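As written, the chain order gives the labels A, B, C, D, E and F, with residue 1 at the start of each chain.
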Amino acid sequence: MNYSYIKVEHSGLIGTIRFDHYIKRNALSEPLIEEMEDALLEFGQQDIRVVVLRSDSKQQVWSSGHDVLELPKSERDPLPASDPVMRLMQVVRAFRAPVIAMVDGTVWGASTDLIMSCDMAIGDHDSTFAITPAKLGLPYTASGILHFMSRMPLHVVKEMFLTAEPIGADRAVQVGILNHLVAASELESKTYEIAKTIALRSPQANSAFKAQAQVLADSASLNPLVFEYLQSLRRDVFLGSDYREGISAFLEKRQPQFTQAKK
Amino acid sequence: MNYSYIKVEHSGLIGTIRFDHYIKRNALSEPLIEEMEDALLEFGQQDIRVVVLRSDSKQQVWSSGHDVLELPKSERDPLPASDPVMRLMQVVRAFRAPVIAMVDGTVWGASTDLIMSCDMAIGDHDSTFAITPAKLGLPYTASGILHFMSRMPLHVVKEMFLTAEPIGADRAVQVGILNHLVAASELESKTYEIAKTIALRSPQANSAFKAQAQVLADSASLNPLVFEYLQSLRRDVFLGSDYREGISAFLEKRQPQFTQAKK
Amino acid sequence: MNYSYIKVEHSGLIGTIRFDHYIKRNALSEPLIEEMEDALLEFGQQDIRVVVLRSDSKQQVWSSGHDVLELPKSERDPLPASDPVMRLMQVVRAFRAPVIAMVDGTVWGASTDLIMSCDMAIGDHDSTFAITPAKLGLPYTASGILHFMSRMPLHVVKEMFLTAEPIGADRAVQVGILNHLVAASELESKTYEIAKTIALRSPQANSAFKAQAQVLADSASLNPLVFEYLQSLRRDVFLGSDYREGISAFLEKRQPQFTQAKK
Amino acid sequence: MNYSYIKVEHSGLIGTIRFDHYIKRNALSEPLIEEMEDALLEFGQQDIRVVVLRSDSKQQVWSSGHDVLELPKSERDPLPASDPVMRLMQVVRAFRAPVIAMVDGTVWGASTDLIMSCDMAIGDHDSTFAITPAKLGLPYTASGILHFMSRMPLHVVKEMFLTAEPIGADRAVQVGILNHLVAASELESKTYEIAKTIALRSPQANSAFKAQAQVLADSASLNPLVFEYLQSLRRDVFLGSDYREGISAFLEKRQPQFTQAKK
Amino acid sequence: MNYSYIKVEHSGLIGTIRFDHYIKRNALSEPLIEEMEDALLEFGQQDIRVVVLRSDSKQQVWSSGHDVLELPKSERDPLPASDPVMRLMQVVRAFRAPVIAMVDGTVWGASTDLIMSCDMAIGDHDSTFAITPAKLGLPYTASGILHFMSRMPLHVVKEMFLTAEPIGADRAVQVGILNHLVAASELESKTYEIAKTIALRSPQANSAFKAQAQVLADSASLNPLVFEYLQSLRRDVFLGSDYREGISAFLEKRQPQFTQAKK
Amino acid sequence: MNYSYIKVEHSGLIGTIRFDHYIKRNALSEPLIEEMEDALLEFGQQDIRVVVLRSDSKQQVWSSGHDVLELPKSERDPLPASDPVMRLMQVVRAFRAPVIAMVDGTVWGASTDLIMSCDMAIGDHDSTFAITPAKLGLPYTASGILHFMSRMPLHVVKEMFLTAEPIGADRAVQVGILNHLVAASELESKTYEIAKTIALRSPQANSAFKAQAQVLADSASLNPLVFEYLQSLRRDVFLGSDYREGISAFLEKRQPQFTQAKK
């Protein structure tokens, strides 16, 4: 298969996907996502025991998140379950073999959620992680928030969402985003050393384990009334002034001026 | 509004509540709680984007927890949902904007649970955190225990409850109680710097996020039979000898002599 | 009572169980487990406020996990709820008083899960923790995976299961396996100091707390369809080639050759 | 208080609300709903032990359901939690005393859901019950579907929703919609006889019971992923062609021409 | 074993327990319950495939429910999980073989809940069923309410609790309380015919089925906050005026005068 | 497509599947199931708004359930999620349009569960329904038991499973298995009249409704420990003597001799 936004390799029992669209800072645009889905589909038919997800070359930005141009300007839920980014999380989470993120730059927005949807993450000292819907006035999904809550203390999850500020590499390893923090020069060798270890283990047991852990991590129980209430809160936001302002300001490259949440 | 137990300020988009009842070590007494509820109600009607909760001045104790004089001596559930302290947790958790605890002294009992009900906590090196029902023979609530479990490894939660010993500031940041640990001289500036960042973000998105995270964090699912069993365990404790002894010993300022849990 | 695989002591309000079967590396064999159950039953009838679980003497291995000779060679679920090891976890978790693991060597497989089923763990610098079903091609239980998830960031849980590699003592304290890491020479004094503190606290309140925390930590909600799906994944593994190969390789002391998990 | 769409009476310990807007077939329009909310608020402050909800006079239609003119033509979720009809269900369900529906005509759409949100229903032989979103191409809410599922066999719930045809009085009592079916001439006396019995019972116990039953009936547990999937299905419907066609056809008083649900 | 309050028989594979304390109208007093527990324990060790629960002779009252003299006069939760009646439900529900109630008279209060905890019920035309906490001002348990909700339409459950009036035999079979309604002269033969059929079936499969159905029927999911709220509602009732008045009136054989539930 | 075990028709917006393998009493054998899956797949690509499932001609038996020859003789879980019969339930339940069972004969075992997995059922007076695992010593699945519990009072569900006796048509309509009971001569016209009504309704709304109702009906929440316990009970049965005896007796066409469930 031919890829334009990513590079795909298969060596031994290890598959590698490299983001290769730095002109858009490796944003999770719909075409890039479709290629990732194709690559994982292809890997699924091969004897791949583990996948490494990385940027093609070390740059300032590892991946810039959701392509804001693809978001609705207003009035529509910007993150329905059918959104390509939401779908990508599910594809990565449902992939039968583990996926390791190898991070050597800044990670933004939905790309940070993608890190949470990988099974492990290894980073160097330039890796940072920010989740930025509060900058856009965008109401995030409950399932996405839960990805963070299963990995970090709640106080830290709240700090990340409420401030929208990046977490640096040192703190990322301390709070549980990164499994390992290594020097840039050793990032690749450390990552593939772990990948090789995983490739020696039982792929059948690992596949069942991954499915079980995923189900358990997703299992927060809400009743319909509660969920419909949360959805109405989200709806107030995406129909409201902050979301319109947040998207406009982003596109106009200026600071947004947000207003008070009523009531 | 006039306050006697707290001080209340509103500057820019930031509200501040200062405990101001050091004669009782800023205990969470019913009148102090009522003032906090009033202050949050007032803030709710103003354009407040974030609240800082602090002590009026740096002292040895930041807040000493439940006012033990207000607890029933025995025979009654000391922590019904209608207890002012339980109600305060809910009010803080339900407040539409984030609440940051700025901690510069020791925190005891229910005040530590209050920290868990805030959205973030920043502390200096004198901050410590203890949860002390095991000293009183008091059966804590499941919802309160859950506040700790969403923020810390279970082994640490158990250590805190089972030993009732304080966790120091260094460990507090490591286990996820504190978001940041800074020098005393920088505590205020660091706290307000974070508050200012939050105030720039979309209050509508942050408000929906906070509600979602709260619901998810509270969502442990139990069936009625299980819950009624847990309540009967709690009932055996508050009707039992340890609770009577724990309260007496506290009021008589002596060490309690606890006895074996039957069964 | 007479014990052959463990040593049992009762001093003050503290009970101690020492693994004493180093010839089998303190493996969790059925006879050792039965003795542990007897010891806990006996403790349950005495005025014991806290239990220390330790190895009789500091050795390289603290406990080597499930006795692989007791596992079915294939075709049967190797970890039914009635398996002695599963039963032991429940007995430890249901024991009315806290159980502290004092760890001074390497911990393997189900013994690491046992650590997760204790209430606290204190270790020295030689303590390491590995969970190894991926080496055996063995499908672990959902309840067991949940023991890890309530204590550690999900990324770390996945690393432990997917790589089956040991976590060293320093990292163990950082991720929440160990409550405290101390020098070998101070391990015993630190452990018993904490045990003595717990023994001073209300056993009635601690007992109710432990039951509540246990129920909350076990409360991940799945519906029957989801669970039957997970069980069918596990079944594919224990009826499959990896499990047969994993057990054979272990018994023949060679590296297993695992094959691709079929889609 | 003055009411234009309903009549409100308080006699002894029994409150009565009569629909009085037959020109719109007692549709659940926003102004009628607001008056019902006011009436229940007023009742809440009086010593009312039970409420009867009825039509002011026996007519062909008891209540015609959601005022279709108030539904969005398309593109928006027609049943957010903040919709007046959804809010009315909650107000009735949360009202501290029981609400008995006294039904003597046909009941349509959301008014049938309102019957499910009352605590009991007594009808005469002219009472019929239909739930009609399938005629409008309108995606109903999960919480609303659950109201029916707690009262009727699932096969019957599905028949009602899938066919959108009315259930007659005889069948309504058999499947559990009606508590009692009586002759038209005895409907009032039977209803008030039951109301008087309830008024003799402990209002405190009945109030706690109603709250418990409500919570239990609403307690179907879904995780966020599942709910977001269901919401995306609903979204496909309200953004799709059937909803537009259903609303248009209704307003143009013609049969809708629906098209195939894609995949 | 000798029994004073019940008679116990074992014939073929069928065990029979007969209430034999008509002087107290077969009330579920603590000594009667203890004998029932002993009988079931005994049956559990014999090859019993099904149990019939009946009154020793046909009388007006089959069983009169909780012995009101054993209820606390006020101030205490009258239905903790450790209450003998609550315990009896659990013992019946946990008994490995099915229990069939054979009912030939009126059933009151907790005895109706006991019918819901049996696996089947066969009645004659004199059987009636009432659940009467609303007459006593007694707050029932959530688990008990759930027993009814799994068997009947919610509207009927509410009618039974809110009115505290008996349901006659014809309606009992229609709403699902009775499996079969037969003439008094055929009640015994019909009941034992069904018992004999069950005794022919696989006791191993039936035992696993019963456990599964029990767990599923009990599985309403609540989070701790919700349950603590429900418990606080119950507490307001048992600490309140209605409960005191209800118990007094019952003991004084007069009509209770209940007062308005505050707020 | 060519079918050997079923007949498939598509007329207007209605699809029909006819069992056509009376030589095996329309048993749910693997080849018949595969054809049904093919037919539903085909229907899924056509503009089918509703499916009727019927027997090709009125016979004594409508469908005889699981093909017992396909069950493992012993030692293996006879009903894993991957079993064709289990899969068929899921396919019917997940089919985007409603499926109506038109029943004119006796229905046995898994075919009765299939009726529960259809959306509606219409029958004539010869229709009967039995669920027979207790005759085989076969431990049924929790998800299957739940299919019955969402449609019938729990006492009736238990009677069906515990006695394994058929429920006749009159009772089937009363307890909620049948939506309508009509004379044999009118069965077809009544069924297709309802199908035509459904075909007029919004397929998009009906499809979303069906998915929601399915999810809600499947949503009983269990935690992993509870499920693993239930699975171990099931395992004791399929590894035990009753299952071996039940299957043998069935194949040898004799009465099984079951033994006491141990413990």
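Keep this in mind: contacts are C-beta pairs under 8 Å (C-beta built on N, C-alpha and C of every residue); 3 or more make two chains touch, one makes a residue touch a chain.
All of these numbers come straight from a predicted model, not from anything done at the bench.
The chains that touch both chain C and chain D are A, B, E, F.
On residue numbers, the B-E interface is repeated by A-D, which shares over half of its contact pairs, out of the options B-D, C-E or A-D. Centre to centre, using the average C-alpha position, chain C and chain F are separated by 42 Å. The distance from the centre of chain A to the centre of chain C, with each centre set as the mean of the Cα atoms, comes to 33 Å.
Note: centroid distance chain A to chain E, computed from Cα atoms, is 53 Å. Each of the following residues of chain B touches two or more other chains: 142, 146, 152, 174-175, 216, 219-224, 236. Against chain B, in their complex, chain C makes its touches with residues 47, 49-50, 96-98, 119-121, 150-152, 174-179, 194, 197-198, 200-213, 215-217, 219, 221. On chain B, the positions that touch chain C within their shared complex are 133-140, 142, 145-146, 149, 152-159, 161-165, 174-175, 220-222, 226, 230, 233-234, 236-237, 240-243, 245-246, 255-256, 258-261, 263. Looking at the complex, you find that chain E touches chain B at residues 75, 77, 80-82, 86, 141-143, 146, 218-225, 227-229, 231-232, 235-236.
Chain A contributes residues 216, 221, 224 to its touches with chain F in the complex.
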